[in-house]
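Each structure below is given as structure tokens.
Here chain A shows up in two complexes: once beside chain B, once beside chain C.
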Partner chain A sequence: MLNFLDAPHTLHLASLEVGHHLYWEIGGLKVHGQVFLVSWFVIGLLVVASLLATRNIQRIPSGIQNFMEYALEFVRDLARNQLGEKEYRPWVPFIGTLFLFIFVSNWSGALIPWKLIKLPEGELAAPTNDINTTVALALLVSLAYFYAGFSRKGLGYFAKYIQPTPILLPIAILEDFTKPLSLSFRLFGNILADELVVAVLVLLVPLFVPLPVMLLGLFTSAIQALVFATLAAAYIHEAIEGHGEEEHG
Partner chain B sequence: MDPIVSAASVLAAALAIGLAAIGPGIGQGNAAGEAVSGIARQPEAEGKIRGTLLLTLAFMESLTIYGLVIALVLLFANPFAS
Partner chain C sequence: MEIFWQLATGAALLGTEVAEEGGGFGLNFDILETNLINLSIVIAVVVYFGKGFLSNILGERRSAIETAIKEAEQRKQIAASALAEQQQKLAQAQNEAAKIRASAEDSAKAARDSILVKAEQDIQRMRETAAQEMGSDQERVINELRQRIAIMAMQRAENEIPSRLNDDVQQRLVNSSIAQLEAS
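Now for the complex of A and B:
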């Protein structure tokens, strides 16, 4: 560990803790407690919003029902744009969940003043700034597109590895590893970079100057959630359609 | 921690993020320029062009972010620190 790079703990206004975690021991496993706490908060928020929106459904929506219908239409359009009119419906829940969870996680890390809650070690922040969260999400996407391919084509799914020519087999296999790697690193890096830049600016100038960067952070976090969901949908579409006989309609 | 390893890590982190910024910088410039000329040629397609541009910019951005991840690993979770 490079000690001089850890932010000084005397400056509580902008303490910055990368690599410090609130460890919980659960059945011999060490888990990062602060990620769990914020994840539960995000999940709770989404569940409560969904329940409130669907508790008393009106024909003419208003208030939160209107808002959640807008969100649903947004993720539905996202899935439809990538997967096509015929295939998109069964994948809307998966892609929508990914998008909403990542989006609310990112924004909760930026908008909610978690710093006011003191933890014995580590700090509360967006769950997506922990590499474990993003790797888990990316592996879920991998499982999903393998499932999509197998359920559509059976063992014929493996034909795509040698489809145009078997020479590309190593690259096709490598692609299955680089997809979750790039997905997880992209999300993790972006969110962590946002929080680091904001924290460093707050350390230098505590008032007003970090505001534009915070707004930029909000913007990029929203875009990253969109990118993650879009890529997940694109990978699933690729597994369903295969490389050759693609017809867009 | 060995001071040589320490110094090399800091230098490598700086190089990782600096070099990783070059390519995406050029790429983003190209993409933005093309988008502007596309809008100039066909102003009614601005919304669609802007959406696609933002998405592609995020993809290019992520290349720099990979360099940043390497830099952060070197600084905060260095595997060579004994």
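Now for the complex of A and C:
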């Protein structure tokens, strides 16, 4: 649908390959290979960083240990701000993973010259610019908050649908669908749009003009990761606390 | 694991297939097309500013942790010395307590002995007075009994006399009495 962007092929400038994917067929499923490749790269990056940080743990942290501890502290504070002092601990790994994965994905898409590597079809980019990735992440968030609600209240979790008044039941049910929808589309849209804008600008003026947009893209990417993780934590908190019962702050 | 293996083989297969078709994996060194210049500038900017920012924050964090650990260690030392002091005081107090206890036991023993001795004396004295009283009572009772018996004997005698005494008997009695008097 965005194939009109391929038009300047004749000008021998950069070509945009939106909608082209490196398809792998696994058990009858067509998967987007380039997303997997970059996801593996991101996962590997995170794992290696974690291993390096914890390989030689010092009492007074320095170097990468210090950096990763800082990152951990950041995610922990994020989870604590949303979930509250009492509940946040078990959710730090989940929310931290979301944040770190999305953040590193976004920045790897914005910083690493993936186009150096030519694929048979499609091109390497941030995994989060593929709707499948973001939908998967958003559905994980949905599962997480349902799990949180049920494990906390059992079937009483359904009571929140008719609180404060049963009239809002349809809206409450609708919310469960709009939450993953908005989460996934927000992230996907922002990242893809940013990459497209940069790509189009590069297409038109290859040098220097895209720079502000690229820097802005870095900023947006970071913000989007933060927003996703924060919203995930907020949804989990909402499921744990219920509607307006013991809400504080 | 299975799925990863499948993925890997699938990737390899697909890669070779597509490579045969002419696309294939490869490297693209077209500087403009790969946006290399802009990216390197962005990376340079990020590294330049990010490094300053990060090293600043991380340094602060490190020094904060260092001071926190140092303070904690100082507090630990202070606490340890206070503990030692208090333990010493405790030992002293225990010593004192033992001393007080020993002296208290001594005095208790002395008091017990003195009380025992006194009690024994008292018992002795009471026994003596009791024995005395008993002796005097016995004497009194015996005297009384004696008197009563004498009186009763006299009465019986007086009662018997008129019935058994006649002139003949009286004559003999008087004579024997006179004979007795003469003999003596």
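One rule holds in what follows: the second predicted complex is superposed on the first by the 235 of 249 C-alpha atoms of A that agree within 3 Å, B and C clash if a C-alpha of one lies under 4 Å from a C-alpha of the other, contacts with A are read in each partner's own complex, and residues count from 1 in each chain.
Operating definition for what follows: a residue touches a chain if its C-beta (ideal position, glycine included) is under 8 Å from a C-beta of that chain, and two chains touch if they have at least 3 such contacts.
None of the values given here were measured: they were computed from a predicted structure.
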{"item": "Chain B versus chain C as contact partner of A:I223, first or second or both or neither", "value": "first"}
{"item": "Which of chain B and chain C A:E25 touches, first, second, both or neither", "value": "second"}
{"item": "First, second, both or neither for A:I167, with chain B first and chain C second", "value": "neither"}
{"item": "First (chain B), second (chain C), both or neither touched by A:N66", "value": "second"}
{"item": "Partner chain(s) touched by A:L119 [first = chain B, second = chain C, both, neither]", "value": "second"}
{"item": "Partner chain in contact with A:V205 - chain B first, chain C second, else both or neither", "value": "neither"}
{"item": "Touch count on chain A, higher of chain B and chain C", "value": "C"}
{"item": "Partner chain in contact with A:I57 - chain B first, chain C second, else both or neither", "value": "neither"}
{"item": "Doubly contacted chain A residues - partners chain C and chain B", "value": "none"}
{"item": "Touching residues (chain side chain A, partner chain B) in the complex", "value": "1-2, 5, 18-19, 182, 185-186, 188-190, 192-193, 196, 220, 223-224, 226-227, 230"}
{"item": "For the chain B and chain A complex, residues of the former touching the latter", "value": "1, 6, 9-10, 54-55, 58-59, 61-62, 65-66, 68-69, 72, 75-78, 81"}
{"item": "Partner chain C, residues of chain A touching it in the complex", "value": "13-15, 22-27, 33, 36, 59-62, 66-67, 69-70, 110-113, 115-121, 198, 202, 206-208, 210-211, 214-215, 218"}
{"item": "Residues on chain C engaged by chain A in the complex (per definition of touch)", "value": "3, 6-7, 10-11, 14-15, 18-19, 21, 23-29, 32-39, 41-43, 45-46, 54, 57-58, 61-62, 65-66, 69"}
